[in-house]
Amino acid sequence: MSWEEILIKLFNVELTHYIVLSAVLFCIGIVGLIVCRNVIRVLMSIEILLSAVNINFVAFANYTDLGDLKGQVFAIFIMAVAAAEAAIGLAILLALYRNKPSVDTEEFKELRG
Amino acid sequence: MELITQIKDVLLPESVMVLFILLTAILSFLLGSQKQNFIFYVSLTGVALALVSLSFADYTVEKQALWGSYVSDYFTFVFRIIILVGTAFTLFLTKDYVENFGRSKAEFYFLLLTASLGGMLLCGANDLVMVFIALETLSIASFALCGYTKLDKLSNEAALKYLTFGAAASAAMLYGFSFIYGITAQTNLGAIAGLLSTYEINSVLIIAFLLILAGFGFKISAAPFQAWAPDVYEGAPIPVAAYLSVVSKTAGFAVLIRFMTLIFPEAAIFSVILATIAVITMTAGNLMAMGQQNIRRLMAYSSIAHAGYILLGLAILTGEGITAMTFYLITYLFMNFGVWAAIELFALATGKDNIDDYSGLGIKYRYFSFGFVLCLLSLAGIPITAGFFSKFYLFKAVALAGFWYMPVLIIALINTVVALFYYMRIIKVIYLKPPAEIRHEHVFKIAFPVKAVMAVCVIGVITLGIFATPVIEESRVITVKQDQKVAVSR
Amino acid sequence: MEQFLEFFVENAGAIAALPLWAFLIIVFGQNLGVYDNKKITAWITCTSTFIGLIWSVCILFWTFGAEEPFSKNITWLSAGNIELSAGWLIDNLAAMMLLVVTGVSLLIQVYSHGYMEKDDGYHRFFSYLNLFNFSMLGLVLSSNLFQIYIFWELVGVSSYLLIGFWFRRPSAAHAATKAFIINRIGDFGLLVGIIAFLFFSINWWAASGNIYLGFTSLQPAAEYVLTAAGPVVYCLIALAIFCGPIAKSAQFPLHTWLPDAMEGPTPISALIHAATMVAAGVFLIARAYPIFEASPCVMTTIAWIGAITAFITATIAITQYDLKKTLAYSTCSQLGYMVMAMGAGAYAAGLFHLMTHAFFKAMLFLCSGAVIHGLNDQQDMRYMGGLRKHMPVVAYTYLIGCFAISGILLSGFWSKEEIFAGLYGNNMTLLTIGLIVAFITSFYMFRSYFLAFENEYRGHAHPHDAPKVMTIPLILLAIPSVFIGFLLSGKFHLPSFDKYILSGHEASAHAGHHESLMLPVVSLLIALAGLLTAAYLYHDRFKALRESVKITADNIIKTAKPFYSLTTNLWYIDKLYYCFIDNIFLPVCEFAANFDKFVIDGIVNFIGVKTRFEGWFLRQFQTGQLQTYLAILFSGLVGLTLIFVALNLFM
Amino acid sequence: MEMQDIIYSFFFYAIAFVLIIAALGVVFMPRIVYSAVSMVVAFLCVAGIFVLLNADFVAVSQVIIYGVGITIVMIFAIMLTATREDKKLWLAFKFRSLVAIGSAGLLFLLILAAVTKGFTMLSSEAGLFAVQKPSQEVIQRLAAEGTTSAIGKALLTNYVLPFEILSLLLLAAIIGAIVIAGKGKDKLINPTTAGEKPD
Amino acid sequence: MQYLSLTLLIFLPLIGALIIWGPWFAHNEVKIRRFAKGFGGVIFIYSLFFLAFFNPAKEGFQFEQTLTLPGGKPWLEPLGSNFALGVDGISLLLIVLTTFLVLLALIASKYSITKRHKFYYSMIFLLQTAILGVFAAKDLFLFIIFWEIELIPMYFLISVWGSGRKEYSAMKFILYTFAGSIFMLAAILAIVYYNYLQTGIFTFDLTTYTYMKAFAYPTLLGILAFLGFFIAFAVKLPVVPFHTWLPDAHVDAPTPVSMLLAGILLKMGGYGLIRMNLQIMPEIMQILAPLVIILGVINILYAAIVATAQQDLKKLVAYSSVSHMGIVLLGLGAMNVAGVSGAVFQMVAHGVISAGLFMIVGVIYLRTHTRQIPELGGLGQNSPKIMYFAMIIALGSLGLPLLIGFAAETLAFYGAFTSNVFSGFSLFDVYIPVSIQILTAIAIIGVIFTAVYILWMFQRVFWGNIFHKWRKFHDASPHEMVVLISLILVIVVFGLNPTGMTDIFGPTVSSLMKLI
């Protein structure tokens, strides 16, 4: 694999690049989900996860199925559902906050064993 | 017009449910807080009507509707019955539990009906998008249900955990869906099946399969994805916990069966994956239930263990296995709701969930504890109860799948022994320990609907036990139909 | 006349059935409270035995006329290829034994009516006695080796019951258990022997058509088994069968139970532990003689065990101070004599000695019973003395007994002389042992006579004479003790015992009779020497002579210290057994019990605890922390994908 | 390597780089407000990516739904739970974080390896996915009126059932959110588990 | 003849249980007990009818009956099993033994049961249904169902009315048996599956599996299935490594329950061995005979040794049961008519004897409330009746001739001795020339050990002078008398003429053995 081939590969943006990008985003989402102690950040990383999936869907729609773009339809559905989840997440967060004034995930350890 | 006929004979129950969902939503706004009980009867009639409408269309022939996004055949018919009956039982359980919800009683019924609508759609979903949306309706509605008693901080905590875990799992599932879409450029399951059957199994497909399994595993609380179950079952209100342990699990299994029989080719690797997950789930569920003190957590672990057994039926990828799974789910419906009804009765009367507080129940309340113990024995798999027959039928199917599955069978059998221990521990407390004094002053009035649920479950457990044959015939649901794999040219 | 006798032989089973009926009548009579008077029980028992006696006399006369033995059987237990039957076999040997058993037990029953008069367990005693009679007569009548084994154990049980009659006394309870366990060891050997014998000869029996293990057809069966099993295995089988008699007739290794069996009431010692039961062992040897005869090594071992028993128990008897213990050890040694004779081939001589011994030993025990009864339960000879003045009848019958047993002119002499004649033929060392034992026998018998009846009274209880009901049996027993030897020795044209016994048997001819007079004279002299030494050491008349010569019993004991301690401690055999039990058998049981409790149960509990621990360990992952759950989700997911992708690539 | 490809790839890498930085910012920014801002940036970059993938309708809806909707939700969340922002709330330096990073990295490598068939070739050459050159008339149609009409048609023909059910889903989400977040006055009558934890 | 239906016999106790459990008796203790005893008697007499009309000569199963659903379809058609019942010589004998011992247990439970009578008697009848079902089941699946049903009543019987660590031993009992039964389940599934592979029909019917010579099954499958069955029955018929539940269950169970436990439940193990191991896989039994025989010998000697060192009376009797059941194992291992009939005879004999022994222990415990042998002494003094009953039963268990134990033991020993099953076996390919004859001779030593511990126990408990605190030790009450006398009657009657018993199961055993 000489240098030119790698250069050609790099600069000719293919489907793989998008899949890699969405994979990176997905992994960042996972890390965010687990590492952050603030519940809001956890909700945000869920949104990142879903957007990573969106990228993947749209990329596949663009490269494999330009005819009827089923991937993009899927992406729209995902966005709608992500919004719904964010809403419910906020509601639960507020209810939690009202019972105990903190957003730290370490605080909510009542149910265990 | 053609749409109307499609909906009439394929989606009739769902449309009835949609009607009643909207009705409950509107009524919950109109009626004042005190007349909310009327909503219970409305939703009950809704479920009943859906059940009746189910029996109208003949489901022997397999029909697709709305461009193949929903298929209704004998398989969906049986699973929809389980879901509707489960919803009916949950409705009965909530009737007395509702005082805890403060002012907003009616919305509970609305959310419950939406969830079961999602479940029903999930059974018949024949399109990736439809699967996703149905799954999400079921999940989001149950997130809301789980956190319903908003002033009880445990319920909130459970809702938070359930939401984050659910969202993460569904994100992973979607990621799997995207890869499947990438490989086949189709979203209709039939079309995907046609393409995948010729697609050689490479690591992308395996990754996609496992990611999808994450989503469904979350729903049926299988091995690595079951960490949420104990906390949610303990935190959520009891009817919701019962609902999750039966209805959402059945819906999860329905879609998993459809995926396994249709999309993923019968390769050995998939049955090995499913078998390992089943074994891990079973063993983890049973072991963790061993020293459990809180009965709701114990029921959570036992539901995980039962998910393991049912998953075993799927792992062997034979028609016989799926029939065993269906029959197991039918018996599981009755067994589980019987126990949850008892837990609710006891919780309503004494507000306690610890097993030791059940001491001495058997001496005074004979009929109640008899039903409770019978359901527990059926869960443990002691003969003459339905549990034993379903377990035995499952083991027979596994044995019939060839000698490779013998070690798995032995592990499953050993698990039943471990399971017997912690079920007997409860029975021991009920019958042997002296009655705890605190209960005497409580007026142990047993709410009628919960008693009705208990009675129906006990009758179900016994009749299924003795007359298992007709029911097994009915649950001979699926013969993997090759024609569903529509050959779609690229 | 023939048909008349024929009837008796036809249903000879009645002899054994009568005592059984008596036993049932007494037991139910007592428990249902039908009657309570002791006389009735006595009458029931005595009449049943008396009818038995008459019956056996008729059978005796029948045997004179009959050519071959009469046998009648029914199948008792049949499974697969064996068919064990039960019934009775009447031949000369059986007739003789029937006579002895019924005769002696009748007299003893009369005696024990007097002896047990005041005892509250009277009815219980007689019911046991009847049970014993049933089993003993059953044993004598039995027609095959298997049936003899059945009655063998029944006799063991009835001796267990009777030894443990006064079960409130711990020593009696212990002695009974000990007796039964040792008998049980013998029965084990017998059972293994019978089954092994049957195993090798099973197809012979099936082919031969007559009942399995029947005594009449043992001879050809033994040959068949010898060829089938080979000499070594055959010798083992025969030795195993011989284990039975070792335990029952108190031979060398298993003789320790007989002296302890003296805990039981004295009539019992007389009946069981002198005349009948212990003789059962010799009877079995006689019955199973063809088996033993077929292999010479077994015959020599039998002879040597008999000799060793005779010698050891004789030496022990010398230093015993308990009257009944002395008689018990003398029984052991006389039995040793019989077994030695049988071992040496003197088949008829052994049986003749058995018959004579039964009478005079029963008489001796009854005398000791009368003495003990008189001195209200004083058994130690050091506190007796000079009883001849108080109980003349008992003293004189005891003296007759001593003369008989030590072989001076009375019945013992004739039967011992036959044994010595038999021994003289082929085995000189055994003969010398026999003569030594004869000397010791006469020494300790007369020692006990002089200590108990001569010199002046040393005890502090005032002795009183025995009642009529006890003295009459003594006298009746004295008659055969005196005359029977002489009558049946075949010397003076009277029907000789050997020809009668051997007629039914074509026993081997090697018991050739050496007609020289020298042997009887020598044995007579030895017996008299024993008498004189006993008189010298223990009779007051020689007191002065003893003092002057300084050879008194005490300083003999001092000089022969090791020998004395050896005999008083019963050659340490008992100690050996108890030491084995205490520090080998019981610790092993202890260890096994603990092993069972801790190791096997431990493993089971460990498994239980282990599963619970694993449950606890897995539950630690449920920390309740939301993100940990998500970590489990994703790490599990990734782990599984890694494994299965690798598996897929690998496959 | 026409000029067009180079510009295309230049744009792609630029947007991708910003996107990744913004995503990392969401996770690792010390203060929550900063992470909210970086989230918005991330969403906009995703919209940019959609444009590159000539999915114009989806890009616009991305901007509206994510850029505006969800951001407002998050900001509401931040404002309503305005606790003292202290350092402690930043990251959880615990074992589980290591596990998370490890498994995320492994997952990434795994997908990368799978998609590029052992890092050797691009997925299109590997034939993994059903990549196909679009026919000319499709390209013209896209160039002419963009993707909105195709999506609209698909929404109302193939995916009409999900579309309708989606409305129900949103209704349920709204009502659920109202019920849970609502500031009801009544107190809990009979809390099922009175809160005492056994072990 | 026609009114003799096995299903009625099996479900009669269940009806009794429901009647008692129903509202009619309203906690009136005496009425419940009388009804229970009456009902037990009715069931016993009804089973005697079966015995009367049973003709031993006919081969195979008699009184066969298959219940079908109203639609005529077999009961569990998808599972391939139907509710088929059938009895042959061996199982009929055990059925009559069961009804007899249950009747005696009901009579004996007058004193030892003081609370929750309704629950107790219904559980006893439920247990009886399960056991009768096991013995009469002609269908493997039915066999498993009844096998596992008897767990629950037994659990309650031990843990509610027991003493000492009753919950622990009840739980131990139930887990042990259940663990054993899962091996049996696996084994049944294996052979049924293999049969399905070969013949295409999926059935649990026992007769199709009798003598699986119908088709050559691989020996590995045979051995695994055999071991599966063997483990399940080894737990039930306590074979040494799996026997630790028996002493605990016995010590903590009330007297009538331990009578039933020892009297009948151990026989289920033996019966299973005959029906499953011997009848279905005779060749494998031939191959594994050394294992079975050695386990039998260990059982006899080890249990006897452990029994000698026991301080607790009930534990001693429990270990004696283990030792006696070793003889059953020995007989079965011998695989010839004498051996197997000896084993069956020993099962019945031990059933009656151990029930008697436990009754005696119960009688003593009732009066002295202690089971420690050192604390008991000289009880025979003012209670001769109890002493004599105990003596007869103890001597019976000793194997005294003219009592039931002797004929059984001799048959078993003779069968084992003369069986040509193996003359030496190779263990880890080293040839050990220990022939079955030597092993049986070693086993017969067990006769001595049995004598040692039984007589020593008898001497320490009944003989010797009485302790001061037991002077008020009153003699047997009428209830106890009835039970003990009926047991002793059986022991003596079948001791005197064993042909009475062998005629019943003899032909079945010989026809069984003929086919091997």
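Per-chain residue numbering starts at 1, and chain names A, B, C, D and E are given in the order in which the chains are listed.
Rule of thumb we're sticking to: a contact is a pair of C-beta atoms (placed from the backbone, for glycine too) under 8 Å apart; a residue touches a chain by one contact, two chains touch by 3 or more.
Everything quoted here is computed from the prediction, not taken from an experiment.
Colleague: What chains do chain B and chain E have as common neighbours?
Modeller: C
Colleague: Quick check on the contact network: minimum steps from chain A to chain E?
Modeller: Minimum step count, chain A to chain E: 2.
Colleague: Across all chain pairs, which one has the most C-beta contacts?
Modeller: Summing C-beta contacts for every pairing gives the maximum at A-D.
Colleague: Relative to the centroid of every protein C-alpha atom displayed, which chain's own C-alpha centroid is closest?
Modeller: It is chain E that sits nearest the middle.
Colleague: Need the most distant chain from chain C, centre defined as the mean of C-alpha atoms.
Modeller: It is D whose centre lies farthest from that of chain C.
Colleague: So how far apart, in whole Å, are chain B and chain D when each is placed at the average of its C-alpha atoms?
Modeller: 30
Colleague: So how far apart, in whole Å, are chain A and chain C when each is placed at the average of its C-alpha atoms?
Modeller: 98
Colleague: Whole-Å distance, chain C centre to chain E centre, using C-alpha means?
Modeller: Each chain reduced to its C-alpha mean, chain C and chain E end up 38 Å apart.
Colleague: Where in chain A do residues touch two or more other chains at once?
Modeller: Touching at least two other chains: 19, 26, 29-30, 33-35, 42-43, 60, 64-65, 70, 73, 77, 81, 84-85, 88, 91-93, 95, 98, 105-106, 108, 110-113.
Colleague: Among the residues of chain C, which ones contact at least 2 other chains?
Modeller: If we look for residues of chain C contacting two or more partner chains, we find 619, 622, 624-628, 630-631, 634-635, 637, 639, 641, 645.
Colleague: Mind pulling the residue numbers of chain B that touch at least two other chains?
Modeller: 129, 132-133, 136, 140, 143-144, 147, 150-151, 154, 159-161, 164, 168, 182, 185, 187, 202-203, 207, 230-231, 234, 294, 421
Colleague: By the document's touch rule, what are all the touching chain pairs in this structure?
Modeller: Every pair of chains meeting the touch criterion: A-B, A-C, A-D, B-C, B-D, B-E, C-D, C-E.
Colleague: For chain C, which residues count as touching chain D in their complex?
Modeller: Residue positions touching the partner: 625, 627-628, 630-631, 634-635, 637-639, 641-642, 645.
Colleague: Contact residues on chain B for chain A in the complex?
Modeller: Touching chain A: residues 128-129, 132-133, 136, 140, 143-144, 147, 150-151, 153-154, 156-161, 163-164, 167-168, 171, 174-175, 177-179, 181-182, 185-187, 230-231, 234-235, 294, 297 of chain B.
Colleague: Using the touch definition from the top, list the residues of chain E that touch chain C in their complex.
Modeller: Residues in contact with chain C: 172, 175-176, 241, 243-244, 302, 305-306, 308-310, 336-338, 341-342, 378, 380-381, 385, 395, 400-402, 406-407, 410-411, 413-415, 417-418, 437, 440-441, 444-445, 447-448, 451-452, 455-456, 458-459, 462-466, 497-499, 502, 506, 509-510, 513.
Colleague: Which chain B residues qualify as touching chain E in the complex?
Modeller: So the residues of chain B touching chain E come out as 323, 363, 377, 382-384, 388-389, 392-393, 395-396, 399-400, 403, 406, 409-410, 413-414, 416-417, 420-421, 424, 428, 431-432, 467-470, 472-473, 476.
Colleague: Write out the stretch or stretches of chain C touching chain E in their complex.
Modeller: 31, 75-82, 149-151, 153-154, 157, 160, 164, 167-170, 172-174, 176-177, 180-181, 184-185, 187-188, 191-192, 195-196, 198-199, 202, 585-586, 588-590, 592-593, 596, 600-601, 604, 608
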